[in-house]
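All chains are identified by letter, namely A, B, C and D, in their written order; residue positions are counted from 1 within each chain.
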Amino acid sequence: MTKLLTEDAAGVYVIAVTPFLPDGAVDYDSCDRMVDFYLDAGATGLTVLGMMGEAPKLTVEESRDVVSRILKRVDGRVPVVVGVSAPGFAQISVLTKMVMDLGAAGVMVAPPGSLRTDDSIVTYYTQITDLIGNTPFVLQDFPLITNVQMSPKVIARIVNSLPGCVCLKHEDWPGLEKITTLRKEGVLDRRISILCGNGGLFLPEEMARGADGAMTGFAYPEMMVSVVQHFKAGDTTRAHDLFDAYLPLARFEQQPGIGLAIRKYTMAKRGIIAHDALRKPAAALTANSRAEVDRLIARQENRLKELN
Amino acid sequence: MTKLLTEDAAGVYVIAVTPFLPDGAVDYDSCDRMVDFYLDAGATGLTVLGMMGEAPKLTVEESRDVVSRILKRVDGRVPVVVGVSAPGFAQISVLTKMVMDLGAAGVMVAPPGSLRTDDSIVTYYTQITDLIGNTPFVLQDFPLITNVQMSPKVIARIVNSLPGCVCLKHEDWPGLEKITTLRKEGVLDRRISILCGNGGLFLPEEMARGADGAMTGFAYPEMMVSVVQHFKAGDTTRAHDLFDAYLPLARFEQQPGIGLAIRKYTMAKRGIIAHDALRKPAAALTANSRAEVDRLIARQENRLKELN
Amino acid sequence: MTKLLTEDAAGVYVIAVTPFLPDGAVDYDSCDRMVDFYLDAGATGLTVLGMMGEAPKLTVEESRDVVSRILKRVDGRVPVVVGVSAPGFAQISVLTKMVMDLGAAGVMVAPPGSLRTDDSIVTYYTQITDLIGNTPFVLQDFPLITNVQMSPKVIARIVNSLPGCVCLKHEDWPGLEKITTLRKEGVLDRRISILCGNGGLFLPEEMARGADGAMTGFAYPEMMVSVVQHFKAGDTTRAHDLFDAYLPLARFEQQPGIGLAIRKYTMAKRGIIAHDALRKPAAALTANSRAEVDRLIARQENRLKELN
Amino acid sequence: MTKLLTEDAAGVYVIAVTPFLPDGAVDYDSCDRMVDFYLDAGATGLTVLGMMGEAPKLTVEESRDVVSRILKRVDGRVPVVVGVSAPGFAQISVLTKMVMDLGAAGVMVAPPGSLRTDDSIVTYYTQITDLIGNTPFVLQDFPLITNVQMSPKVIARIVNSLPGCVCLKHEDWPGLEKITTLRKEGVLDRRISILCGNGGLFLPEEMARGADGAMTGFAYPEMMVSVVQHFKAGDTTRAHDLFDAYLPLARFEQQPGIGLAIRKYTMAKRGIIAHDALRKPAAALTANSRAEVDRLIARQENRLKELN
């Protein structure tokens, strides 16, 4: 039986990409390889159909098949969260039922961009809970993309009134103070999991502020695994050293517009997926960009050798 | 056999609402009644699954069933256009194939909000054409909502290079000069249909500038039918008189946020649909608002009597 | 001595345009003529340097000279409110001191577009109050332009904690329920003035909901004066009749982008200002648009004759 | 006599902060110290009143005094560019005349956020040129903040038709391909200066693509100076090594919302300015954040020692 997502979620939940064949069809074989790679790298969970999973480019049938394939390969080894954000409740409801029946551990819901006042945000998640019942959900807080700002007060109202909210995907920018505030005595009625995003670009500081790990993507998830583990072991210096070694590439991968193309190129180069194809509409990576990534990877490998 | 949408489209293509039962299920019986009412009122076409059709709140199956039911009831009497805008090409492609197979006359495509430069807009519609082939499509130009601005130059590039673009749903605001420019000799290689939106709020001026009619919604589509017909018959004074009689209500119905609730309330009151229910998330109409609509309708009836 | 703006503000505060000469210089003579016209038309107050006053196109010196000229001509007959919204507190502070020293009755402050959470809005106005002290201020609530949404709860927090807030310029859309909520027993600790915007396009309904009048612009301010007076006298039918007569033009003047050009053209045609010039950057009115306005004015005059 | 900005601009034009005293007054003594520091660090130019210079928070008089003080201290040693972006042409015109009379080398102009179509952007800069005549100007291309996207084609139209445009402040994200395109034979009629922004976060790659240097801020401008110099000398490995050493802090300083507070804290810590005060409204830096910066600086110093 599937273990559901709980407030104890910690470590690194990798945001999975969706692998495609050069003709645009979903590459299911690469799904398997990718799952194995992520778990071997130390992922404690997976999140599929996130923004970086090209979810809106999939048909409903494809979404189901991708989730199904990944769940089968994971085979209960780690919890799998599925992004179900959609413009309407009917879609969210259908998608949630579908993925939970398939064996997902929980769903992730981002607020629609039209929400502005505190009350409207709380009302939205209350309505979501009416819809999905006891399904555990991840509250996605990513104002840079959603254009919705949730103060710690609003997050507290959601957490304190809706037991289904077990995890905050923290991706505010800047958001370090938000973690500190949410971890203060008396703000939340119960401790929930805080997993951070932004490609891990602030992971050392986020861990120091009280995060439980990361829920984001990067072509080298082992960096995030190491940073989290060394932080938990108390070796912050080593955590920072490793983080710094990967930072030049992590920074490069965070460029809006071509970030996912860079990630997929790197993953294909590493043999994690067969092709670096993105579905249209999507920007292609030029030869210049590929050469830049190659150089950054070579430098990263040198630096890692120095650190060992 | 279905007649496809052509550059000759004229008159009033009513944007159909999607009727719901009080429990949120689609009200298919009301679909039939609504179709009959629209056609009796003089609609020369219908557009379903538009922004005001609550399309994003439907599941894919529901979208198919609504389109199917409406097409069956229309039974070839007028062309039916279906909105297929979606975040990804795979969804647009599947939806287009589905509705064209069911007998739609064409599809309507709005630009995604991320498009900014002239070239990116033209590229988008070129890719759409790669996707949907010969399917005739309506170019939806609604910057107030899409946040994408298409200059007449950009529209001309699309029309002149993509034969599938047979109609412009004109909803720029202000946009009267745009109609005038597009109707100038030499701007477009071929004359396409221009049907206007904005709830008909500028219909007399749009007709005078060269529009072929309206593609929009209003609880009294007969107003739009009359305005278009009197304009075509050269009786602009009568067109304006009738327009002015309906304007207080038309203005009231154009309030963002509750416009659709007002429209559905009025349609239910007129017996066109059984219930004024909107799907969640949606604002409910208060007793005060209902009373305001009632008063506006009573005044409108009085004024129409005076005009006859 | 200047009378300051109070919670009793009622009637019509016309948003004054800034008249220019064809070469772009401020037309001070027209300022005088405009003031006389507004007061003769029944304005109970004026608001200058609002968004429709082309305030951001004026230098600080010009702003001072325009305010000074208008205050001199008004000569204490009605209160004059001055818009002082600016990106920084230093500018707001300097501008407020300047106009209050010149004899303004109060200032109007819109929230900066970056405010998102309830607390950030309340904090902003608290800081404004720290800055401007006892100066009475108008809270401008215009989400369509500012992109900031203030719930009744947020407005109540501002009103209840900041005595300087004496008036709400209500321009939410839809916003009728907001007026009703704010007028409910127990929401506000004290009754403040609610004056409505949106070019008067919803004035009858706003009055019925509890507004005290309008603070907005329209080339025929006498319409707004009549609607408010007849409402207060209990003759709502006459208020609606007059409103409806002006509505076709009022609607036309509310087109974003060219609304102010239409208003100035009409005002120049009526002899209220000498020229219809706008400062660059601004869209010019075409001959077609001018003819449309002329036709609407002629029809409006006919309709008004019928009503007398 | 002042040397005007030309197409040869290269190296590092530091975006100067505006130093304040704890009470919010401008700290003119720190202006002097800051200028000396920047020039000692190898800056080849300065840019004042940029977005990171808190320009909108200054009154016109303060803007003049800050520019005047900085120009006096610079005393012709390097060119000084002044940001003059403002909502209206009158303000831009007055500000440009003022700073050029004081001895500025040129001005920087960002596009207003309302520009959407290619033509509207070109028209805007054409009107700017009508306004400022021969004054050399920097075209600021920063879509993340301005929300205006300029394709290489649009930039080429501006450069090729307006001789005053001598420099592109390149801050698109991702924008590496844009540099490559603009440097291709035949795109621009003349070679202009391309200086890059984004806090130097992509400087090595930007230099490799054909940039002439940076025009941005960072509390350690010597990093940018070194990267540019080593790139020009052909030692890209050394350029990358140094860049990587500063990257953890540079990344931290690029957090929207508190980036400037971090930069000022660091500059005050280094003794470059007397206080880390920002003008209201502004977020304050918490003790936690200060400790994080301290740790990053300590690690940076260690790493730099290793590299020597």
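Keep in mind that, in the parts below, a contact is a pair of C-beta atoms (placed from the backbone, for glycine too) under 8 Å apart; a residue touches a chain by one contact, two chains touch by 3 or more.
Predicted model, so just to flag it, every value in this text is computed and none were measured.
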Legend entry - Chains contacting each of chain A and chain D, listed by label: B, C
Inset, instruction - Over half of interface residue numbers shared between chain B and chain D means same, under half means different, so which is it? - result: same
Inset, instruction - Select, from C-D and A-C, the pair of chains that is joined by more C-beta pairs in contact. - result: C-D
Legend entry - Centre distance in Å when chain B and chain C are each reduced to the mean of their C-alpha atoms: 34
Inset, instruction - Would you mind pulling out the distance in Å between where the CA atoms of chain A average out and where those of chain C do? - result: 47
Legend entry - Computed distance of Cα centres, chain D from chain C, in Å: 39
Inset, instruction - For chain D, jot down the residues that touch at least 2 other chains. - result: none
Inset, instruction - Select the category (line, ring, star, complete, other) that matches the graph of chains linked by touching. - result: complete
Legend entry - Interfacial residue positions of chain B with respect to chain D in the complex: 116-120, 143, 148-151, 153-154
Legend entry - Contact footprint of chain D on chain C as seen in their complex: 24, 54, 56-60, 62, 86-91, 94, 124, 127, 279-281
Legend entry - Of all residues in chain C, those that touch chain B in their complex: 144, 173-174, 176-177, 180, 201-202, 205, 208-209, 240, 243-244, 247-248, 251-252, 255-259, 286, 288-289, 292, 299, 303
